[in-house]
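In the two complexes that follow, chain A is the common piece, with chain B as its partner first and chain C second.
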Partner chain A sequence: MNRKVVKEDVDSRIFDAINIIVLFLVTVVIVVPLWNVIISSLSSGKALAEGGFIFWSKEFSLENYRSVFNDNTIWQSFLVSISKTFAGVITHVFFCAMIGYGLSKRYIKGRKLYVAMGVITMFFSGGMIPTYLLIKSLGLLNSFWVYIIPALFSYYDVVILMNFFRNVPDSLEESAKIDGAGDWRIFLKIFIPLSMPAMATIALFNGVGQWNDFMTTKLYITNQALYPLQMKLYEIIVQSQTQSMQNIGGSAVIETTTKGVQLATIVITTLPIVVIYPLLQRYFISGMMLGAVKE
Partner chain B sequence: MNKAFGKKGLKLCTVLMAAVLVMQGCGGGNSASSGKAGLPSADDRYTVDAETPAWKLDKKEETTELTWYVNADWWNTDFGKDVVTKKIKEDLNINIKFITGDDTKLNTFFAGGDMPDLLTIFDSNSPVVQKAATWALPLNDLAEKYDPYFNKVAAADTLNWFQLADGKTYGYPNYSNTQADYDSGNIPAKTAFVIRKDVYEALGSPAAGTPEEFKNVMGQIKARFPELIPFGFNSIGEGTGSLGDVLQDFLGVPMETKEGGFYNRNLDKDYLAWLKTINAVYRDGAISDDSFADDGTAFEEKVKSGKYATMLLDGTPQQGGNLQIYMSANPGKEYIAIDGPQSTVGHAPTLNQSGITGWMISFITKKCKDPAKAMQIFTYLLSDEGQKLMNYGIEGETYQVNANGKVELLPAVKDLQLNNADKFKKDYRLGEFMFFGHDRDKALSEDAFPESIKQMQEWGKGKLKPHFILENINPDQGTPEARALSAINTKWNTTMVSMLRSKDDASFDSLLADYKTFLDNNNWDKIVEIRTEKMKKNKEKLGLK
Partner chain C sequence: MPSPALQQMGKRPMGQRIKEWVTDFRRQWEIQSMVIPGIIFMIVFCYIPIYGLTIAFKNYTVIDTLSSAPWVGLDNFRIILSDKYFWDSVINTLGISFLKLAIGFVIPIILGIMIYELNRGRFKKIVQTISYLPHFLSWIVLGGMLITWFSTSGLFNQLLLELGLISKPSNILLDAGKYWWIATLSDIWKEAGWGTILYLAVMSKIDPTYYEAARIDGASRIRQIWNITLPNMKMIISLNLILTVSGLLGSNLDQTLVLMNSQNREKAEVINSYVYRMGMTQGDFSYATAVGLGVSIVSVILLVAANKITSKLNDNQSVL
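Right after this comes the complex of A and B.
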């Protein structure tokens, strides 16, 4: 008996050791490139031009960041990005929750039809040009609303929320009804607070999507004042790439390289997400489990 | 329940779909009607005069607002803030709103029907250009009606070159070089075989013209400068870098068969002999494997830091900035052009420059609010005045003409250009607003190119030969031949790299044989036929025999 325990102990220690080594290696593989990106973005153009892998900044410089932030309009783009992400996430989650709540009720008339219609949209979409024409005739071109309205609804998110709402016991709803609560009150005061993990998950998915999205801008927005950060940075990168092509004469000072600017851009765009992630992570993990439970 | 839904649902879906289809049909009908009416009159504003550009005559008081779509994300959309565009704004009394994008955006414009007033794209071979008659206004008619002076500033050869089947020309390119430009000697070479001066001198200025000499020089560099890569070339990416047509031009590989048909330059014996030589150099370890994998940025960074001892360099003006950076930091070690690889059968080099097709091509669309004004922009920018403005700014303010009659930037401007490129770009934007820029205008000034490439351009004098007959000869997009050609090109690019890296002559030869079989299996005969046909048409357009 005793021997067995000891043996198990050794086994599990070996297992742990292997686990730790493998996880350590995986972590190194993930962290090292990230570290390299951060350090390289803080190096001078000259150090970068020499090439090679950089572990520690050979020549510390904020020039890459300066050249990105040089453009005054970037702050406005920051604002656009933040407001579209916030407004987009809140409206999206609320809207999807409303529909999901409705569809989770078996007594709704025509429920199956709505569900079937939704499923069809998951497989078929109109394609780029028809969508463009639709957006155009809705008058959403060059309007801030193009970030919000088309992104209001995602059937995928509705399915997740619908399933979550179904897990809430019917008796809760019934007792609330007996106490005189209406549908809105039940939805807002019972279902939403009980579904925070699902809401947070969807908010995070959608938030990251909103934050990173620049195709919408590329297709529907020509007014620079409405450019979000991603589009602005995309422009800065492309312009830094073609700078040499347009230079007549050419400057003799290397302050930044295309690579440096790109790396600084990566850091700038990723940072907000990296900061928000840990805050939402606990909801996120319990929310992810949802996918496993389907009725 | 399910069954019931099935029936009901099906009915409902059908009805919905039908409704959607009907509605879409109606919508389509509306947007399809395009403005086919004749050109609006500008008689109340001015009477045309063949001797005076219309922008000087136009009395329109209010500022014309135009949108101009440029199919390039990197285009700087500012207008009216820097010296160049401010002057354009004042002279023409216009305000241009630039929109940029890529092919996706271009497609949405065409699909959505809300075209901009002016439009610039980059691929003269694209379907958009081929079908310009359906969406753009013919420049011939516009010139006749609004601004006959245009014909004085536009090159007749270029106009002919872009004529469509209806005999009209819809777009005008920049950097379009005509035979006259080549003859004038005003366009500088853009390719060179360069070597670092210190290396060249240390080796006693050896020749590298024949395969034997070339191998020998590379071997010596490898032995004496172990920290350098003996031989470099432009990033290969998905193309051939500078080892394809650029090398062929250095060797003077013929452009057509004796009968005037398409000649497959890739299979030229002279050229293949040189590929074999480069392969031998590779096997000796004088070419870095990285060179085959580096992207443009990596290549540029090596140029900047002088990693290569020699380079077959394409696009010297584009690398001018990088070369200048290296030159300024390492005086006496700068790259210089020498006679590099030469034909083994005695052909003279026939270096290429941008041809008559040029680069960007600009159109005035049928939806243009004020075609007269748009035409004036074309004329203005194409005139000597406009050309000087785009490249050098305003006389007395940014440049002066020196005793030799050459344009010279003022010291303060020059200083800014060298030391604060960002501010220079923002305040002056010289050479950047280049819709109608041409190489010939660069010849006006010593300042047009950086010091680092002047010797290279000098070296190239007399070695340029127009490649006009080879321009736009690919099968039309969307045809089976076009698809076959794209497969063939990919095959050639990978084959070429494998050949250059092959371990022995036998595998070199078998790779080549593979490529030849691939040609036979992929419609090559048909492609040659199409290209020969198009070459014939090119000759007709240019009046060549």
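Right after this comes the complex of A and C.
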């Protein structure tokens, strides 16, 4: 056997070993804090005050969750989060698919102008204040619709869907036209069912965005009944921060109670995403690819 | 010399062309009815706010409408230049963005290559699944976690105590001097794994025969990465760099809003949160818009500049 090859083999094994060790450490750095949040949320206030655990709690307790769920406004927020996510995703995907389908037809009059207008929106925007003034003058402040209407459209998603529709063979459309079907019928009955994978991808990205969105509430909503979970959590965090700053060296009891509530709310807010995430992971990845290979 | 008939076909009268266009448009009413709602949406939600940027040159107060507010020219911009808090927020934005760029841009590349080099199927899947996960947490959730991790009885202090690195717990979120690092590292923790996806996709397309040839020539693994993997990723790295650089000034508003407190404010305030504070909490709409407009203009300049530079590096091929 050649000496060079043997040496290269050893080097390569060392490389692999270091690689595996480092990546193992990376996963530990990600998992340990998340695990710590979960077990801390399941600990009694007394154990939280004492601190000192990383992997396993000293005193298992559901008191944090009990006090969170005893608060009716949390249920209300849960409902807001769920309804805005569902309604937002369905309307967004349909609206973008409709426009993407229209733009996928090269013969459509005005196409150049439409595309130019869309591309400009990807690079320029009015920013926070002019958008706020618009939303205000449209009467969308403190309305559930503010979660849905401004989020209807995204030119990125239109482009992705447009490219997807283009890959559907023209003959399908032609034969349907011969049978007398109009554009709407073809779109609804042929293209939508065929495009489920692309639409599912966009739905997932948009769904995570809707679930995690907090700025819309912060900017446009003051009515507590319309607070989603993210805003609820934000309030709890801000509250506990001011409290803990006021009590530096003071009452530890208040601090640990709010800390427990905070942890439980974090887990509740994140749970839906963490539960569906492994099931949908491959869609997320193919979605990234779709987004990357557009143009 | 073309015949008069041919000339006429090329240049039909304007009126006739418009007429034809309108007839075609009418015939397409069904497909047009799908596109037009989108155009209306863009006009209302994208172009009206762009027009609304004019309030940066006006003195807009709550009682005014967009058209009734008096023009003040560049007055708002003049005030910005002498505003200490604005410059603080610029320095913080640049400082945090520079750290995020210097560290946060390179880590996904290294991490991606490391994951790519893992040949064991199972472990590779686990690493990928776990490293993508934090991307899906919102900044509010992550902010809440950071606040509990860094609290005096939280994970961070416990670890340092147990390792004997500190003798007394303290909350580093209240330590303004460390804020830039907290902002940078938490962003990396959240996004580094997700950032590898595109790189991994590009690497999976590299022809494996390159590696075989390199192995026969006796190239070490590091050498193979340097001479095969990295050159193949040049284009996607450039593209990512352009997008990152053009977004430098718009750094994470959610992150700042949740992690900023009265103790770390002077080091935590970024341009975006300053716009939020001036506009939304103090009601100075014209001033806040002027700040936002300035940032957008600089961002576009950065985008163009980064595109120029990276296209030079990619043999004059424009990446965008």
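Everything that follows uses one rule, which is that the second predicted complex is superposed on the first by the 220 of 295 C-alpha atoms of A that agree within 3 Å, B and C clash if a C-alpha of one lies under 4 Å from a C-alpha of the other, contacts with A are read in each partner's own complex, and residues count from 1 in each chain.
Throughout what follows, a residue touches a chain if its C-beta (ideal position, glycine included) is under 8 Å from a C-beta of that chain, and two chains touch if they have at least 3 such contacts.
Since the model is a prediction, treat every value here as computed from it, not as a measurement.
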Partner chain in contact with A:K218 - chain B first, chain C second, else both or neither: both
Which of chain B and chain C A:S67 touches, first, second, both or neither: first
Contacts of A:F124 with chain B and chain C, given as first, second, both or neither: second
Which superposed partner A:V275 touches (first chain B, second chain C, both, neither): neither
Chain B versus chain C as contact partner of A:W184, first or second or both or neither: second
Contacts of A:L133 with chain B and chain C, given as first, second, both or neither: both
Which partner, chain B or chain C, touches more chain A residues: C
Which superposed partner A:Y101 touches (first chain B, second chain C, both, neither): second
Intersection of the chain A residues that touch chain B with those that touch chain C: 48-51, 117, 128-129, 132-133, 218-219, 234, 241, 244-245, 259
Residues of chain C that touch chain A when the two form their complex: 21, 24-25, 28, 30-35, 37-39, 41-42, 44-53, 55, 66, 111, 114-115, 117-120, 123, 126-127, 129-134, 136-141, 143-145, 147-149, 151, 153-155, 157-159, 171, 174, 189, 193, 197-198, 201, 215, 218, 220-222, 236, 253-254, 257-258, 261-263, 272, 275-276, 279-280, 285, 288-289, 292-293, 296, 300, 303
Residues on chain B engaged by chain A in the complex (per definition of touch): 1-2, 5, 8-9, 12-13, 27, 73-74, 76-77, 99, 101-102, 104-105, 107-108, 111-112, 114, 297-298, 300-302, 304-305, 318-322, 324-325, 328, 391, 414, 417-422, 424-425, 430-432, 434, 442, 447-450, 452
In the complex, chain A residues that touch chain B: 48-51, 67, 70, 112-113, 116-117, 128-129, 132-133, 136-137, 218-219, 222, 224, 234-235, 238-239, 241-254, 257-259
Chain C partner contacts - residues on chain A that touch it in the complex: 4-5, 8, 11-12, 15-16, 19-20, 22-23, 26-27, 29-34, 36-37, 40, 48-54, 95, 98-99, 101-103, 105, 107-110, 114, 117-118, 120-121, 123-134, 150, 152-153, 155, 158, 182-184, 187, 208, 211-215, 218-219, 230, 233-234, 236-237, 240-241, 244-245, 255-256, 259, 262-263, 265-266, 269-270, 273-274, 277-278, 281, 284-285, 288-289, 292
